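Two complexes come next, and they have one chain in common, chain A, joined by chain B in the first and chain C in the second.
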Partner chain A sequence: MTKFTFPESIRSRPVYGTLEARKGAAHLLIADAHGAEAILDVATPEMMAKAHIIYIPKGEAFEGKLRALKPAQFYAGPSYEAAESRIQKAFEDAKMGLQVYLTGTEGLMGQAQHAAMQAGIPHTAIQTEHRGSVARRMQCVHCKGITEDVETDPFVCAHCGLNLFVRDHYSRRLAAYQGVCIDAEDPGNVPEAKGIYE
Partner chain B sequence: MTIQFNDETFRDDYSFRNSDWAIKRFPFPFHEDSYMYSVNMEQHRGGPEGSIYENRFDVDEHYVSEMRDRAMVLADDPLRCQSMPHMTLAGWDLLELIMVSKSEDYPDLFELHRDGNNWRWVNKPLGIDDSFVFLDETTLPYGPMEYITRQAQGDFCVLDQRDDNLWMDAGMVTTQADWSLDFDIGMNFFEWHAPVPLAHEKGIFVRALKFLLNIQQGAPARRLNWTMTVNPLLDTSPENYHKWGIQKTTLSPENIGSKQHLRVELQTFFRLPRSNALVFPIRCYLCSFQDLMTVPKWGRRLHRVIRDLPEELATYKGFIDNRPMMLDYLSSFDDGQATSDGIWPDLESEPPLKA
Partner chain C sequence: MSGAEKIAVTVTDIVPLNALVTRFEFKRADGGLLPTFSGGAHTVVEMEDGAITRLNPYSLMSDPMDQTAYTISVRRDDEGRGGSMFMHQSVKVGDEMTISYPVNLFSLDLRAKKHLFLAGGIGITPFLAQIKQLERFNGNWELHYACRSEALGSYVDELTSHHPNETHIYYDDQNQAIDLVNLLDGQPLGTHVYVCGPKGMIEWVRKTADGEGWPREAVHYEEFLAPQPGKPFEVKLAVSNKVIQVGEQESLLEAMEREGVDAPYLCRGGACGQCETRVIDYTGNFIHRDHWLEDDEHASGEKIMPCVSRFEGKTLVLDR
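Coming up: the complex of A and B.
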């Protein structure tokens, strides 16, 4: 199950769509893990002739299928951090008419979208589609550290070790949700961790 | 009038106190015996003499100590003051607005001398006498917004206006009711209000935004907002919640009168002339329950409001666990008599508490 319907939420929480092939002078597709499936769904030979795919497999075995699409340029990297400077350069070098496709986890889409906005890519040229893990990229409001791929609520901050609950409040600038101490008023009383949408 | 500035703290030993003068001018936020969200805006064009509405930027007995507390917060966490690069001009607008307003409204405390762009600012309560060149950042020790808001009570959000929305692109936020500038900076009006319950469904934010987008130069607006705080703690930030949250559990029937504070925000909105930004000062006033109860009308009304407040709001405002204890305390100040309309204490006309 790589498609998930997120429950309705508050206004700061991002919503994602379904990728569609658009006419463009060039196409930049950035995906992680099961986001590869959305690329396979949307790719056309015409698009691939002008496409640059940046893919973070995260242990998923889609690299061969993506390469078989014969994009003009292809990169697979071990992590978003490792790919980050390459992604920034792709946005900085972008010309008018670029279409951007972001797909996979919320953390991947959020960070790539932030990089695109920083580079001045118009939001109308950016599409997103969620696939795969519903884990969240969380910022600890106390120590400011980011914990990647958080699957449970509450969770332990990877930096300061506080027990944090998962809010739906989301910052596009940080590409992260907010985590807040859950046992501040009753230290040590931490409910059992459950899946975020359980 | 001459203000006697208190030497007091908003942390540790909490020596903060309100004088009788400060209690009588406290901005009690309930104009009737119940509360629900509304776009309760009115023009900010002065008010009764001595009231917190009288001047554009109210200065009171807590000024010097509040500025000392702000400096301590900033030393611990400089991210409480941030300004995106395109907001510097709005910072100068704000500096001008505050300097002109305070020097006109409190000439015995503040002086502004202008010769073209060569300005001299004298702040007597804080012992500041600085000369600088207006619009030249290199002539001030901080950016213009930080410089002036280190000398003005209340938090300041400076909002950029574009795409028919307001964007939280700069701010000085050290006395906040549990929200993080560092997290919310860059958000639009709907995004930063996203966690507020009920109000979106009531269309409050759509109407409020429409109003705010149309605020004109020289025609500021204001409203009151409120919450509850245990101990007179100004810095109820999410950043430090893991340190102060525990204080909510220290209330007891014996200490609630002195420890539990009603926290009221005077929110004002001014259009800034060069940048077309909107500045949104959020001034925090604190008053202990026992001091509020010295005004019979407020005692009766606070009990009714807290008793009848929807559960979502009591939860959002963070006092749902303490509400029963609050009601036990407040009910002894509610004798069931009718209350007069409006927020003012009406000490001359309202009856004393029946024994």
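Coming up: the complex of A and C.
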């Protein structure tokens, strides 16, 4: 299943939509893994003639189908970090009228949204659509380290080793949810880890 | 008391700029300092015109950090309801007047990488303050200013001599016009466009920017509507338990104020949303003139903006 309906939550939690083709001077589409499906759904030949697709497959086999859309520019890379300098450059060179489409995991969309905002695009003008894994990018509020692709609650911080509770409290600046120590008052008393939405 | 807090001021200078526009300077009557403001802010000037109190908003055009004086520029409107005529003909240096604290409904978005200003006629005034604000921290801006003719080009000389590289002037009588599509095309990412001028110009800019794929959030506009005269009508105010008559030359808001009803307001020009009033019952037609309510709200018959909108019909009952 690549589409998932997130439960209602606090205002801080990002809400994602469905990509729609918009008029624009250029189109920048950034996706990972199953986000490719949303690009295949929204792409039109007219859009692709002015499109730049940046894709992080994460082991999924959509690259051929995306290339077949014949975007003006196409890049596939092994990780967001590897793609980051290209994303940065794409925003630096862009002009007003650029349309931004982000799709795939929350971590990908959050980080690319942050880059777009830094480049001066109002966050409300950036389109997003969630597809694929529901794993989260988490910041440990204690050591500030980021743990990518967190699937369980609680989880162990990849940096300081604390047991962290997965909150819905989100930071657009950090592109991460907040993880808070779950056993601070009674060390070792950690509930069994289960899926975030179980 | 509704509206922003008041300041008692003295008129300290009056400078006619051209056949239509005159500049007024105000200083605090008690000799103290005025509040700083942000570029794009306006003040509501109270005019005691015989039996009528007029409250008209004017953009502040002085340096937002200059607390010694405020300046506004008033364009004479011979067809208007009389506020600008009063300022031009009756106000003298030394007069005591009351103005409101600055209110800003047209502020700069300081996240912008570049500010693109489009002015039409007297719509130049908020930009004069915004330019002074941006110059303090070396902001990136560009002005495109359309005026009717050289003779009516208020502040053109000042702008072109202080900011020759940023200022672009267009004279209607010389068939010069802003080449908007080409101007918007190629602006760096993070540019915000601001437009102040006649209604048609604002609509043209908003529509063109939308067509070029500019986000709504990057397009800012300000248009003060003056209330238009219309047929007199009767209104029942349910909360105040009063039935009042709105005259041909006054707005619904002014009629409520005349009757001692403390109705909320800020801009008095259909823009800020402060005076939004719920309609309890009506038989007839609304003449909505604001640009605060959405089209479906206008059609619903549930809300009215008393500062600029009117009514024609048998009964109108408001929750005020």
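Everything that follows uses one rule, which is that the second predicted complex is superposed on the first by the 194 of 198 C-alpha atoms of A that agree within 3 Å, B and C clash if a C-alpha of one lies under 4 Å from a C-alpha of the other, contacts with A are read in each partner's own complex, and residues count from 1 in each chain.
Please note the rule applied: contacts are C-beta pairs under 8 Å (C-beta built on N, C-alpha and C of every residue); 3 or more make two chains touch, one makes a residue touch a chain.
For clarity, every value in this text was computed on a predicted model and none was experimentally measured.
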Which of chain B and chain C A:Gly24 touches, first, second, both or neither: second
Partner chain in contact with A:Cys181 - chain B first, chain C second, else both or neither: first
Contacts of A:Gly120 with chain B and chain C, given as first, second, both or neither: second
Greater residue coverage of chain A in the superposed arrangement, chain B or chain C: B
Touched partner set for A:Thr44, first chain B, second chain C, both or neither: neither
Intersection of chain A interface sets (partners chain B, chain C): none
For the chain C and chain A complex, residues of the former touching the latter: 111-113, 184-191, 211-218
For the chain B and chain A complex, residues of the former touching the latter: 79, 180, 182-187, 190-195, 200, 238-246, 248-249, 321
Complex contacts: residues of chain A adjacent to chain B: 10-13, 139, 141-142, 144, 162, 167-169, 171-174, 178, 180-181, 184-187
Residue ranges of chain A touching chain C (in the complex, touch as defined): 22-25, 91, 94-99, 119-122, 124-125
